[in-house]
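You will see two complexes here that share chain A, one where it goes with chain B and one where it goes with chain C.
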Partner chain A sequence: MYLIGNIALILGIVISLYALIANIIGLKRKDERWLESARGGVLSLAFVASISAFLLFYILGTSQFQFQYVASYTNNELPIIYKLAAFWAGNAGSLLLWTFLLSIYTAIIVLNKKKQNKMIPYVSSILLTNILFFYIVMVLNANPFEMTDTIPLDGKGLNPMLQNPGMVLHPVTLYMGYVGLAVPFAYAIAALIMKRMDAEWIKLTRRWTLTAWLFLTLGNMIGGWWAYLELGWGGYWAWDPVENASFLPWLTVSAFLHSMMIQERKNMLKTWNLSLIILSYILTLFGTFLVRSGILTSVHSFGDSNLGSYFLIFMAFMMLFAIYVVATRYQLIKSDSKPIESYFSKESSFLLNNFILITATFAVFFGTMYPLISETITGTKVNVGAPYFNKVMAPIMLVLLLLMAICPLISWQKAVFDRFIRNTLIPLFAAIVFAIILVLMGIKGIYAIIGLTVTVFMFNVHLAEIWRGTRARQKATKEGFIKALFRLTRKNQRRYGGYIVHIGIAIIAVGVISSNAYSEEVMKTVGQGESFQVGHYELTFKELTEIEKNGNGIVTANMDVNYKGKRNGTIHPEKIFYGTWPEPSSEVAIKTNLTEDLYVVLSSWESKEKATFVIKINPFVSWIWAGGILMVIGTAIALIGGKTSAAFRIGSRQRGVRA
Partner chain B sequence: MTKNKKIVFGLSLVAAAIMIMFFSTMPSAGSKEIAIEELLNNKDSFKDEYVMTQGLLIEDSVQWNADKIELRFEIVEDGRDRILPVIYNGVKPDNFSEDVIVIVEGFLNEKGEFEAERVQTKCPSKYEGEDPENYDPEMHQNRNKTNED
Partner chain C sequence: MKELSRRQMIKCSLAAIASIILIDLSMNDNSVKANGKYDYNSKEFKSIINQLDMQGHADHDYSTCSIKKVYYEEVIEALNQGKSEKEILQSYVDEYGQAALRTPATEGSGLIAWIAPAFGFLLGAIIVGYGIKRLTKKKDCTDDHLDAEEMNVSETEKEIIEQTFEEERKKYF
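What follows is the complex of A and B.
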């Protein structure tokens, strides 16, 4: 087993190196046979990487503690699903996961007969460079198949915090996003090398980019959800360097998803799009470097891994390479770019949206790096935490929401101002009515009210757009409303998928704004039978019980809940003491209704009759998860639908209908 | 001037405005990272300044007053002997045991005690080799937040 594992890794290096060289020779000599051989190399590489991956799953699943990785992250008692999920619990395994995904992606690209073109050898070379890098790091620094000196009877076990469904999903989804971004990057560079300045690379990689973005969204959402359920501080996002690292590429790809449409249709913004995709790719490497090098003070313990330096070197190499390629072709890119025709057009509104998203990227980047920047300049490390990010990001996000409200109404080229005003009026009016109702209800907090109003405005605009489209179709086809709505979406999935994503964002915004502005927290020590009030809830501490389960001791507090004077069941926060892990952990109890979460943590106790609780009322948090699901659905609709050309045709026809 | 240039010009103005916003927010929202030794040696200069410092927990010093929800403990810099007493109006983190690294943020008061607004812990060695990238929420596992907003 040890042999197979290590041979597979060495083979990985050999094959990727060979395929890379075969590609280069093939391209130099214009020799199909070499290129064909490189393709074979890529396929066998995918095979070898799959063997490594399956092997790691196998030794984890069968608890072969002679392997260091297995012994470090699992033990006998661990449920099988977490034994397998321990695949990505450590450095070595996550590198293997990355390599595996990358080699599968490369194989898909090389295999896809329909999309064969001259770019492929370049694309595969760039991806192979990536794969080679990961293999080298694995062999030199983090080998998942390393043996232990003496075979332990049992492993160390998986950190209890990781024994959550989030662990099964979150890392994989995030990685699929990260890895996916290498593909559009490779196409972009390939197009540049070949001096092909059209939007071909964008069209070919639209689905890759969108899929990567989908997984980044999903990964971040699941991460937040997991943190909220597991960590007991009542929040879902803390602006920690590690979180920011995965948020940054999300922002730049979001910008790219919009600006690439302009290049597709108008052949504008070429340099910009290239820079965005290069930046997104570099940010995935940068994020990995950041979290593995330990240069920033985070609550994480990073261990003494020097993986960071590998990533820094590779990142610098790829960045210089990309800059070199762009710089040498700059005149070419420049020569057939078109200028913007009108200020008031979709083009310029997308440009503005890009600008805001990049500003957000920069703000997050700046805050994350500020400790290092300030140390370099003044000698003192200044950490900026959540207050900075909240303060800076709130207005940026507000502008972004406002843009999202306005932009769908602005048409391509030169928009008609009258129609824009007409279409804005009702949604805006409804949003203002909403704001007035909020104020009348006695809701405080001017910023939150502004934020919510803009969100509602944005939501209304999208509903109205969908409604108008459906009505227009109904008029033309005499279909029923539902049928017309369905057909309309079906015919133009990119546009309406996008709208659904925006609506999802609106719903998330409601959750984020409300939970930031209106959450309540109470810390309370109470005796048995004692009641206390939090928000609309009245909690009564009944008793503390202790049970033994699977070798873990579980202390549970039983509490009765009254909501607005009515009995509303019970709630049971727990504290778990693990047999195989030194620290206990708090198991949060959450009671969700449509508008708020009751979030209770059992903190400590003096005796069976007296315990301390932390109770939070988090308004609208469940909306965040609902909005996330909607975003995923919308992205999926945009993803499966619409060839570029078809979308273009229908898009123009629809404008005709509306006009 | 072409429209492109005008747009670029306009956007750069906005960018400049936003940059100013960043920098003006920074000092008020940041916390200086100061070593315990330095903090105690320059008590006066750090008065009324929001600072962040870290040290190892001395478990025997932990006093928990459940009724007042007040936590008192002492931390010491690794390899040094200056001790920093900390007061925190909040609950005890889950792994508050000997030699855990405690990160505190707050103010040094006149009596030389540190009034913490945030207390976080991390384990020096137990998670070694684990991959933070994979489970970013894990970093908060010991985080005890009371002043998130």
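What follows is the complex of A and C.
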């Protein structure tokens, strides 16, 4: 096993280096044989990476503690699913996962006969450079197949916090997003090297970019869900540097997904789109650098290695390379673009949307790096925590929501102001009525009310747009409402998929604003049989039990719950003491309904008859997960949908007629 | 047989560790202090605790974080001694510097952290404003008839017409 694993890693370096050189020679000599050989190299690389990945799964699953990695992250008692999930629990496994995914993505690109073109050798060369870097780092610094000096009887086990379904999915989805962004980056650089300044690279990579964005969305959502269930502090997003690192490329790719439409339609913003995709890719490396280097304090970081330096050097190299390529082709990029025809157009509104998203990126990046900047310049350590980000990001996100409400109502080229006002009136009126109802109900908090009103406005606009589209189709085709709605979506999946994503964001915004503004936290010490009231809930502490399971000591509190005077079942918050882990952890008890979550943590106890609980009422948190699911559905619809939108086809034909 | 006895040994030691921790935790009781004027549910207490970084433990689970518990007890004690929010926060800043708080100060060098995003926003707004102005061209009158026609047709209607044409085109050609 040791030999196979290490040979596979060394073969990885040799093959990726060979394929890279073969591509370069093939391109220089214009020799198809070399290019064909490089293609073969990429395929064998995917095979070798698959062997390494399978091998790591195998030694983890069969608890082969002679391997350092297996002994460090698993033990005999660990359920098989978490033994396998330990693949990405440490540095070495995470790097292998990254390499494996990148090799598979590269093989898919090289194998895809439909999309074969002259860009492929350049694209595969850029991706091979990435793969080569990961293999070198693994062999020099983080070998997953390293042996232990003596074979331990049992391993150290997996951090109990990571033993949650969320952590089985969260790192994989995030990595799939990160790795996926290498593909549009490679296409963009390839287009630049080949001096092809049209939007072809964007069309070829639209699905790759959207898929990467989908996985980034999923990764962030699942991460938030895991934090909420497992960490016991009652929140889902702490603005931790590592969380921010995965949020940054999500923001820039969101901007790119909008601005690429302008390049597709008007051949504009070429430099901007290139910069966005380069920035997104660099931010994925930056995120990995943050996680691996431990330069910033974070609950997620793997600060016990010097991998950060490798990533810093590679990030600097790729950034300088990208800047050089853009700078040397700048004159070509600038030419041949069409002007915007009116300030009041979708093009302008997309530019504003990009501006807000990049401002958000800057604010998150600056806040994340500020402790380091401050310490370097002034020598004073300063923290930038959640309250800072909440204050800075709230107005930015509010403007973004407002733009999301307005943009769908503005037409391409030149919008008509009267029609815009006419279409805005009903959604806006409904949102104002909603705000008045909130105030009349005695809801406090002016900022939260403003935020919710804008969100409702945005939600209404999208519903109204879908309604108008369906009615228009009904009028033209005499179809029933459901059929017309279905066909309308089918005919323009890109647009309506996007609308569903926006609706998902509106639902998430309701959850985020409400849970931040109106959550309630109480700490109570109660005796057995004693009841207490929190919000609409009445909780009765019944008993404290203690059991031993899988080598862990588990203390459970049993509590009866009444909601608005009616019996609502029981809850069982737990505290777990691990045999193989020094820190105990809390198993939170959550009761969810449509409008709020009851979140109970067993804090401590004096005796079996007296215990202390931390109870939180978190309004609308379930909406965040529901909105996330809707976002994924919307993205999937847009992903499956057509390559170009209807208006783009009209534009192309009009251009054809004029020509 | 040998395997079984080893497992039993491991289980016994685990149970022993768990029991020690349980006893330790129950001795270090952290029940809500209600003797003083303030307790963990007081608004004043929450306001102070939300501003403290607690040496990076602010977002940890209170029930399992020993450092967070120490901070909670210290703040309650200080409040019940009659200290104000400002005095308590200042005492932590005196001890740990600005790093005691979760946000940068709103004066001195900390101000940069607050101003920079606003500055970035303004700078971005100027650049985007200039960009839109540069990219926007007044239209020629010759193109007006086509665009006037377009202006009277909404995006959705345009799409429906396009779809109908497309279906008809497919049918006949």
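Quick note on the criterion: the second predicted complex is superposed on the first by the 640 of 659 C-alpha atoms of A that agree within 3 Å, B and C clash if a C-alpha of one lies under 4 Å from a C-alpha of the other, contacts with A are read in each partner's own complex, and residues count from 1 in each chain.
One rule holds for everything that comes next: a residue touches a chain if its C-beta (ideal position, glycine included) is under 8 Å from a C-beta of that chain, and two chains touch if they have at least 3 such contacts.
The structure presented is a predicted model; accordingly, all values stated were derived computationally and were not measured.
By the touch criterion stated above, A:Phe429 is placed in contact with neither chain B nor chain C.
By the document's definition of touching, of the two partners only chain C reaches A:Val416; chain B does not. Of the two partner chains placed by superposition, only chain B is touched by A:Ser246; chain C is not. Once the two complexes are overlaid on the shared chain, A:Lys610 sits against chain B and chain C alike. Look at A:Gly166: by the touch rule set out above, it reaches chain B but stays clear of chain C. Of the two partner chains, neither chain B nor chain C is touched by A:Phe54. When the two complexes are overlaid on their common chain A, residue A:Tyr388 makes contact with chain B and with chain C alike. Contact with neither chain B nor chain C is seen for A:Tyr324 once the two complexes are overlaid on the shared chain. In the superposed model, A:Gly223 makes contact with chain B only, not with chain C. Residues 231-233, 235, 238, 240, 297, 299, 339-343, 348, 351-352, 355, 359, 363, 366, 370, 374, 380-388, 391-392, 396, 521, 523-525, 575, 583-586, 603-604, 606, 610, 612, 614 of chain A lie at the contact with chain B in one complex and at the contact with chain C in the other. By the touch rule above, chain A contacts chain B in their complex via residues 72-73, 88-91, 93-94, 159, 161-162, 166-167, 170-171, 223-224, 226-227, 230-235, 238, 240, 242-243, 245-246, 287-288, 291-292, 297-305, 339-343, 348, 351-352, 355, 359, 363, 366, 370-371, 374, 380-388, 390-392, 395-396, 516, 519, 521, 523-525, 575, 582-586, 603-604, 606, 610, 612, 614.
Per the touch definition, chain C reaches chain A in the complex via residues 6, 10-11, 13-15, 17-19, 21-22, 25-26, 28-32, 34, 39-41, 46, 50-51, 53, 56, 58-64, 97-99, 101-105, 109-110, 112-114, 116-117, 120-121, 124-125, 128, 131-132, 135-137, 139, 146-147, 150-151, 154-164.
Residues of chain A touching chain C in their complex: 153-154, 231-233, 235, 238, 240, 268, 297, 299, 339-343, 347-348, 351-352, 354-355, 358-359, 362-363, 366-367, 370, 374, 377-378, 380-388, 391-392, 396, 411-414, 416, 419, 465, 468-469, 472-473, 476-477, 491-492, 521-525, 546, 548, 551-553, 555, 575, 577, 579-580, 583-586, 601-607, 610, 612, 614, 646-647, 649-650, 654. Taken together, the chain B residues at the contact with chain A in this complex read 2-4, 7, 11, 14-15, 18, 21-22, 25-34, 52, 54, 64, 66-67, 69, 90-92, 94-95, 97, 103, 105, 120-146, 148-149.
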